[in-house]
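Two complexes are shown next, each including subunit A; its partner changes from subunit B in the first to subunit C in the second.
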Partner chain A sequence: MSNTVQARGFEFRKNSNKRLKALGFFLPAMILLVMFYIYPLFLTVFFSFTNKAMTGIHAKENNFVGFSNFIKVFMDPKFRRAIWVTLVFLLFSGIIGQQVLGFFYALLMKKKHKAIRRFVGMSIIAGWITPDIICAFIFAAFFAKNGTLNLMIGSLGIKPISWLFEFPLVSIIIANIWKGTAYSMLMFQAALDGISDEIMEASTIDGANSLQNLRYITIPMIKQTFSITFVNVTLGTLGTFVMIYALTGGGPSGATTTLAVFMYEKAFVAYQVGYGMAIAFIMLAIGAALSIMYVQAMKGDQ
Partner chain B sequence: MKTRKNIFQNAVLILIGVGFLVPMLWIVLGSFNPEASQSITIPKHFSVKNYAMVISDMSILQGFFMSFVIAGAQSLLVVIISLSAAYPLSRFGLKRAQTITFSLLFLTAIPMTAVMVPVYQQFIMMGLVDSVFGTILFMTTTGLPYGIWMTKNFLDTVSVELEEAAWIDGCSTFQSVTKIVLPLMKPGIFTVSIYTFVRSWGNFFVPFILLQSSSKLPAAVKIYRFFGDRGEVYFGPLCAYAILYMFPAVLLYSFAQNYMSKGFAMTGAAKG
Partner chain C sequence: MKKIGAVFLVLLVLSSFAFAKGTAEAKSDKISICITDDREAWVNARIKEYNAINPNVKIETIVLSGGSSDRQAKMTMMMQSPQTSPDIMNEDGFKINADSAAGFLYPLDEYIANWNEWDQFYDNVKEMGRAVDGKIYGIPLTVDVLGLWYDKGLMKEAGVPMPFAPKSWKDVLDAANKIKALGKKDVIPYFITTAKTFPERASMRLFQPLYNGTGHSIYNAELGKWTINKKAFLDVCNYVNQICNGDKVGPPLDLGVQNQVESVIQSSLMKEGKVGIWLSGNWMCRNWAPGMQYEWPEVTEKVGFVPIPTQFGQDPHFTSMSGGWTFAIPQNANNKDAAWEFLKFLGSKESYLDMAMRTSELTVRKDVADEASYKDPSRLYIREASEILDYTEFRPSLDVYPRVSLLCTEAMESIGLNTATPEAVYKTFITSLREVVGAENLIVD
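What follows is the complex of A and B.
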């Protein structure tokens, strides 16, 4: 009896104009997403083909200029330099720094004493939960001429250096590693905890050494975590703005101007909207490609 | 042999931990040191003078207040709107549910920095530049893809049968959600709201671009305007300001750690 009533109740809910009801539930989210996400993305495509500016004669009327923004962008040696700086920054701070080191830390921390795991974990996570702007202040002081780094190496007899002027790119790379490593580390820790001890023991009994275990068991088993963190770290590094802008302002003379900083300068300081949009378009295209990889990796997870 | 390797590995780990801690230590020690400089120094006498200076400054307090308003309103809106959107995705057995869910996941990964250029144009066209309301709406939108994705995953873990029983007893969908689903989803709602709040609290770029009046700036931008633009920086108050600014984020993080790790395991997590 109760079964049929329940079934009928469920049927009733199911058939009562499900799609219309679903639409009603979606509506608030949809309005916002279309207004502030989808529409701006279309704007990017549209404006990157016009000569729009924020001030001057081109502010009111803007004309279709075809690919000239993109040609201008790619011909600009400053843009090409920004691409190069971004790639170096990405490779050293994102891929090698955050991802490889994060994996290495997670591996080292496996099966260690709880107190040590806690201490190391906390000190790495501290940077991660610190707001970007505070990280920038922390490293501005750390790398300053009379800052902590010089104090430390001074005890070894090395003369103080103004790090942000002498080695600007290295400095922001270190700062970004400090800031971001926790994410990869946490992801890898979770993945490593998921590998059962039995598999490891079995292969050890079969005569595999720890390096072989790593190469043939651990890494293949957490391949997916590698792709997910790779995409997220890359996206995060591409979008890094505050850390660089507040530390070096993109300088000295463009040495730390990544795509994000370059785009900000063009769109919000020089007011060349079309040019800025073209850079935004390129960044979004890279982002979209990475996002598709991310979704594919997550799909495999489900 | 084994123990020797272990001791070596532990030593490396402790060294790494200390290395990560050193830059942070400066801000903690400096906040209690009225004569703080750019390098780590143990204060000759601990004092809370820096803190007193920071919290007696009206403009700084206003910054904290604005951060609370923006992050609070954003979290509330994200939780409500996400729940509303995630409900049919989880419950109605829609054919396209998976496509929609994965499109949302796609949106979570779009670089925000690049979106700000067109969004600023749009804010000019809509007359929303320097509007706190507009900023909150936009920030809510940025939180939605991940919010809906997480809420849907949590909703999937709440059994449908309980809800059906409530319907038979005459509850409306709204009642079954508020009386049955919500209490069971507490960990999920905590995760989404805390995650949104912490990210919003630390966000610099969005208010930096969209807000202009000094009275509307949240703490993140205010600290930059206050200390970043000045030639001569007072490091003691800067450190105290930073500690006060970080405090809510750290507190919420440690409070939510258990919930968060659950959410992480379930959703793979987005970059924080």
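What follows is the complex of A and C.
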């Protein structure tokens, strides 16, 4: 009897030693996680319920204001416009642009000669590895009145257009597609390479044409990748700030003021940190909701 | 191996805290000064001189460039921690109140009480450094005014009587229309800034001087309330609308929204005779001075600078808005006494004279203004700008001001881009203003 108890005690000590050890190894990662992810997130939520300002009396003494920041945000017509601009930007540059284009690039490059794959791939990846601010400069030059695009259309006899002024949203959408398509392409390339040739051959022998192969074999088999890239591209596009701010500053007249730019304006130009945090919190909620939606949609189909 | 890695990581994280604290404490014999990029050469010259007398003091400069609002945000954030705060901050006058209320600035009254040169500063300019609590937080550095730059050649050609001396808003608009009637391609008759690209610009350099020109003021300091007169507001909107959309004498919109538009005007448009009238600041001429970026030896023959008339020429006949810069010592400065010693050196007569000579800026010291070299006619437009000082008004130095100013800018942008009628702009403005300043602090008539 006593031997059994001793053995159990030993076992318990051994286990708790193991747990302690595991905790020791786990702790640094936890500390970093708490410091750089959980704590800032908590602060964002906390400050969104205060009247904290960057300067002025409310920088020193900020009070809890309940939901007043959120009420103000939703009453603000500029916010409603920013939501609309963000959704259009997300749909056309993120989902349709980067995702669909990335997928078709990957599809077209499948089974192509290595040299072609390398050349096309590197050209597209060049956009992805270029820092945002440099992308903004490239596109500022591209869309300028005497820039590359106008030179190109000028050779067709079309008058120069002030792209960033007359088509600001279209311009930033194009810039963002150029910048981000490589990510989706790489993800889809990896997924497509994972589909075994036997399956495709079998379905072709069964009489399926290319479109049917794509619809019934390829797409269902890489659903998981769709889900991951949808989430990543959505979150990345929602947070796009540098390129928009450097290209158009959110203008003209709010035409390119996405939620990220709107948040910056409120927090860093009007110094209303609490209000800005409320916008950040809403952005976070939108991102989370869309991500859950994608994942659920993909799961449901399976 | 993994164990060692984990231990190393923990030590790295912990040591970063220790290091951060250590660097803050080791600053005793050195001071840092944060300045805007256009003052770098002047400050570096002073540091050299100061080090010749005080070789033990190491002075580090933190130079900030970039757009006004981004730079302001950077400065404010720097002052929030002893780890990042400079010992001297080149503080924009309009932020003194907000930053002192936030507890970022250190009151200088005790230092000033023992500084016999303080009497040499103009009294009205001294107020720029005073907060509503009555304490002085900033030593004035510069003051500026607004006016109308105009192309003498274009004016003559258009048949505008010279010298150009507009007495009302209409006179300016008429002159612009005459320039337009010349039919010259690429000439912008009347350049005004309505874009939000630089949030303070369309407010301080368009809306506010015009609004003051109607005989009203957006803030009544005696009552401590914001005051908006609907008719005056609509008059400003209608005038800007007339310039941009009615008579179409304003700048092409795509040029107006460009980030670097002022540099474009200074470096090429004015020189090429492509701008008739330009409502802007007196400091624009500094880059045309000898040895400067856009040096222009013939500038005084080609370009004139006159005050902006009031709406109908009513008293006081002219209008302007002034801003200005100060030097402040942040509350989080690590070495305030050493900072003050250097600040006294920086604020001396010789030093301010040197700055005025370098930049063609208006001085804030009486003894500098009395110097023959300061008054020298070869110094660009200093006489014209000095005269405008009599009419100018300062921006309300309140912590809510940046938010109010943003609303003024947004109003001007909506008019400039023709996205809303003056009535609609007024409605949006008043609704937002009421929310920003509180209905109890606003008088609408």
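Following the convention adopted for this analysis, the second predicted complex is superposed on the first by the 270 of 302 C-alpha atoms of A that agree within 3 Å, B and C clash if a C-alpha of one lies under 4 Å from a C-alpha of the other, contacts with A are read in each partner's own complex, and residues count from 1 in each chain.
By our rule, contacts are C-beta pairs under 8 Å (C-beta built on N, C-alpha and C of every residue); 3 or more make two chains touch, one makes a residue touch a chain.
The model shown is predicted, which means the values in this text are computed figures rather than measured ones.
Contacts of A:268 after superposition on the shared chain: both subunit B and subunit C are touched. Of the two partner chains, subunit B is the only one touched by A:105; subunit C is not. By the touch criterion defined above, A:124 lies against subunit B but remains apart from subunit C after alignment on the C-alpha atoms of chain A. Once chain A of one complex is fitted onto chain A of the other, the partner contacts of A:32 extend to both subunit B and subunit C.
Once the two complexes are laid over each other on the shared chain, residue contacts for A:178 go to subunit B alone; subunit C is not touched. With both structures placed on the common chain, the touch criterion links A:283 to subunit B but leaves subunit C unconnected.
Of the two partner chains, neither subunit B nor subunit C is touched by A:96. Contacts of A:72 after superposition on the shared chain: subunit C is touched, whereas subunit B is not.
By the touch criterion defined above, A:158 lies against neither subunit B nor subunit C after alignment on the C-alpha atoms of chain A. Counting contacts as defined above, subunit A residues 25, 28, 32, 54, 268 meet subunit B in one complex and subunit C in the other. Within the complex, the subunit B residues that touch subunit A are 9-10, 12-14, 16-18, 20-24, 26-27, 37-40, 81-82, 84-85, 87-88, 92-94, 102, 105-107, 109-115, 117-122, 124, 137-138, 140-142, 144-145, 148, 164-165, 167-168, 173, 198, 201-202, 204-205, 209, 220-221, 223-224, 227-228, 235, 238, 242, 245-246, 249-250, 253, 261, 264-265, 268-272. For subunit A in complex with subunit B, the touching residues are 5-6, 9-10, 13-14, 18-19, 21-22, 25-26, 28-30, 32-33, 35-37, 39-41, 43-44, 47, 52, 54, 105, 108-109, 112-113, 116, 119-120, 122-124, 126-134, 137-139, 141-142, 144, 146-148, 150-152, 178, 183, 186-187, 190, 228, 231-233, 235-236, 238-242, 246, 260, 263-264, 267-268, 273, 276-277, 279-280, 283-284, 287-288, 290-292, 294-295, 298-299, 301.
If you check the complex, the residues on subunit A that touch subunit C are 24-25, 27-28, 31-32, 53-57, 59-60, 72, 77, 145, 162, 164-166, 249-253, 265, 268-272. For subunit C in complex with subunit A, the residues that touch the partner chain are 2-3, 6, 9-10, 13, 69-70, 73, 76-77, 95, 97-99, 101-104, 195-197, 199, 253-254, 257, 259, 399-400, 402-403, 406, 413-414, 417, 419, 428, 435.
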